[in-house]
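These notes concern the structure reproduced below.
Each chain carries a letter (A, B, C, D, E and F) given by its place in the written order, and its residues are counted from 1.
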């Protein structure tokens, strides 16, 4: 009886030479595709491909913004490749700030684990600001591609985890996009209406040239 | 100067009568669509539509499974409607178990906030089990639609938050699907190979009939 | 006149060096991607890549479940790769059963060609069972990811063809997922509420260990 | 013990007022959406919404083309709404033909149940024809949007079932699109290079005007 | 002969009561859905629903930015609803600028019709700027969600048309998002590193409060 | 102060070894995937990958159809790969015609830049023709996969640009699909109802055989 069922078991997929695709752990050494990294061979996949411990460690907040973002996107955690989801950790020391930024490819949901955080986003249709102070256990959703920010609203450190609707959400931090590259100051001023002194000051701080 | 810029501001979208869709907070009173709930009128939307506090409260674990799942799907948190993401809270008392289940419409990523959790999933292609004990700060991803489970692996209570790649991930708990309805025992036995006594025992416990 | 039109013909796509992608026959020897197999070179594609004869032969039903599933997924029939569809053949001898299973990545539609089949699925939202006896020519749809089954409801053999909304629908058979691997019995019992004797009996039959 | 588990059962979704979306049976009386029909209320859904018997009856082939196409798209079979799949039945009497046509919104897979059928499609990139005589049990895939046809290649009647990668695949039959409406003959001739006599003859047969 | 073919014609879709969905012209008076506006009844649709003349008229550039953006998104041109595409017109007087902005929901391709335009975007992964002067007939693509800008690079007026990969691409203009609402200056300064004087100056110009 | 911010800057992505995917410029030398070409290495990408000048030159209209289509699809303009959009240029000399055709994989929007163009498409559900004369600045949308055409409706040359909702829209020109290959005349006649003389005449003109 055992034998015959086992026999069936192998028969059921008599034509299957490669089987179905339950997951596609990214192989970062192969070329990328528009849908994500190419897949590691299934035989080489272990449970460790689906587990990531990098978010268990606080990021370094001994910095000017007094905050750190630690991503677990497909590039750091190849197990999420192709699965439509990823995460990151936010650490905010007192007065810490995650500066104004967007995720070009994903919506985000944030959960406060410790402390309190003032978070907000700005709609594109009418420039309306949606912001609120969030406490431990509160969650907030940030629609895809919109400018948003997080500020430590308490006296102690704050900790939050964020999840994204894509394994490659992207992260475009406004100040770095404007001031941490070689885009000529003249162009920046034209397209942002900022004063020359302001632009040059922030370029100086953030390492921009031209 | 101020006037003329404000003037331009209104001109830029001189044809816009309804503007673009940044979000679509679900109106649960209207009919559902294949892509999610129809949208609440933008003018009625406030920041509170994007914030949910229901995950800040521990679920009731004074039960047989000693665990509770508290969802923040589109039906509970209409702000995520149409945004490709949602969350839930897992509370596991000592010996607590989230029984074998699937999410038919989403991949999941879990982060351990407190305690330690043994979590695993089973691939469909070769029935291989991927499971591991996770500690505080560890994250694990569960590919869409595959059977998976979580067990409290420590001595104290455990807490985790899970995120999904859909606002309507679904949750099909195996035992409830099999034993908490009126599917005739004879059919259950035929399609699961379970013994009649086993089926009737669990139907008794879970409220199934026939 | 002929010449000049032919001339135009070649001119119309004067910039086209690789042309558009009508199809992407899977090359099973190359790495997989999250969107499916990489494509065979168009020049090597023939009509035989789009035709599959494997479903014309009855599967072996001389087994305990008295049924056989013969897939024509992308792994067996690379012509469907990237096209959002695939098929399989179900043969059910008298008393044959396709055991409780899910397709993690696709909805399914079944058509009865011969005999009569009792088919059903279980919703995740309220564990409601939708099942019915189907006769020749009847079709039934099974929503993505939900547990479902098929049983020969007649006295003679039954034949059905099923189609899926993905070239890689996956197939997770509940009993194989639970009992045909090395997931420890203790864990299985915890997450399914099944008795130890029941688990060990089915592990014995299906080849599971631990 | 029973009570307490039942108690948990209700607790697990204490916040759930509408539950998740396993399916979205189309309500044809409500407005349509870009993603398909709006959903019938779940409480009104029965197993009969997921079963369709219209494909069990042969279409009328006592006609000039000696063939009939019987659709089970979302408009005929609202159970497939939102599920990414649909079907149709092809009956071909001896000499029967399903004329050149496209499905603008879906790929198709065909299975021959009776007789033999010559089927083919034409690629857009190089106008190459892929066609072959198919016998009972053979399947063939037709990539989305490409012109294709089916001809009875045997002496007796032929029967096939086709599945589509969308609940609303569309069906644009070339001759009806060209000759069964009021598009002026002069325009048709300009954009097809067909002779005036040919156009007028087919307009006469198919009921076109102008 | 005519009669019999016409007869077949009506028979072919004997079950079709609503037919397939070729398009879904938006009905702006009905609720919106996550996939776009609900559809106008097909019987009320005319060719004028698919044609839009609003881009034939130059926008008003007698303003401070000396530029105008005229959208033909789903809200202005309901014929594109559900079709994955939309357009807009850019008019740039000498020295005109389309300020730094993003489209949260679409990629964009721009074609220069008149004059010359300096256009650029900034990548999120490494803050690299990709910019170039474009002449008549040149096209440039801007990946989804990334900050980008256009500046008149010639001495006369410039005209460009842009297309988007969505009927609702959104348009978030950086300065309006930051300075044309009631987001408190203190918060803006914290999340942008801008000086208080700079923030208040631009709030003054753009009508922001707080 | 500068140093410490720069220091944070590098810390923020301390785990990032490959960064996120803002774009995926196609590498035409690598295998294709169902989601588009594999990506060129980011380090090799320059602004020139995102700019294409091929549409600035009129196509050759000194031909029988007196028209030319110049594509900027992913194969010609790899910068649009994976971004859901592409373009083409239409030149129509007096009496020029873009013959009846479909794009199997995309919707299209056309803008008239010069002259006037009579454009139309045919619905699949009821074979209704939607056509109109378009003037400079008018735009028209053509839903995915439907037969459509463009005719110069003025006395001088006409110029239009078209955009597509896919980087690989495809282009199947009806006459080339029917008459510019080796599909046997007997089959063509059977599936199109065209007369033998008509088929052979057009095969002669367009280079078809058999």
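Note that contacts are C-beta pairs under 8 Å (C-beta built on N, C-alpha and C of every residue); 3 or more make two chains touch, one makes a residue touch a chain.
Treat the numbers as computed from the prediction; the structure is a model and nothing was measured.
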### Query
Taking shared residue numbers divided by all residue numbers at the interface, is the value for chain E and chain F over half (same) or under half (different)?
same
#### Entry: Contact-richer chain pair (by C-beta pairs counted) among D-F and A-C
D-F
#### Entry: Mean-CA-position distance for chain F and chain B (Å)
41
### Query
So how far apart, in whole Å, are chain B and chain D when each is placed at the average of its C-alpha atoms?
34
### Query
Residue numbers in chain D touching 2 or more other chains?
19-22, 33-36, 38, 72, 104-105, 120, 124-125, 131, 143-144, 146, 170-171, 176, 180, 205
### Query
Should the pattern of chain-chain touching be classed as line, ring, star, complete or other?
other
### Task
Just spell out which pairs of chains touch, all of them.
A-B, A-C, A-E, A-F, B-C, B-D, B-E, C-D, C-F, D-E, D-F, E-F
### Task
Can you check the complex and tell me which residues of chain F touch chain C?
28, 31-36, 38, 54, 59-60, 63-65, 68-73, 75-76, 104-105, 168-171, 173, 176, 180, 204-207
### Task
Within their complex, state which residues of chain D touch chain B.
1-2, 4-9, 11-22, 24, 27, 30, 33-39, 41, 81-82
### Task
Quick one: which bits of chain E touch chain F in the complex? Just the residue numbers, please.
19-23, 42, 46-48, 50-53, 55-57, 72, 77, 79-80, 83-87, 106-109, 111, 113, 120-121, 123-126, 130-132, 134-144, 146, 161, 163-166
### Query
Mind pulling up the chain D residues that touch chain F in the complex?
97-100, 102-105, 118, 120, 122, 124-125, 127-129, 131, 143-147, 149, 151, 170-172, 174-178, 180-183, 187, 190-195, 198, 201-202, 205
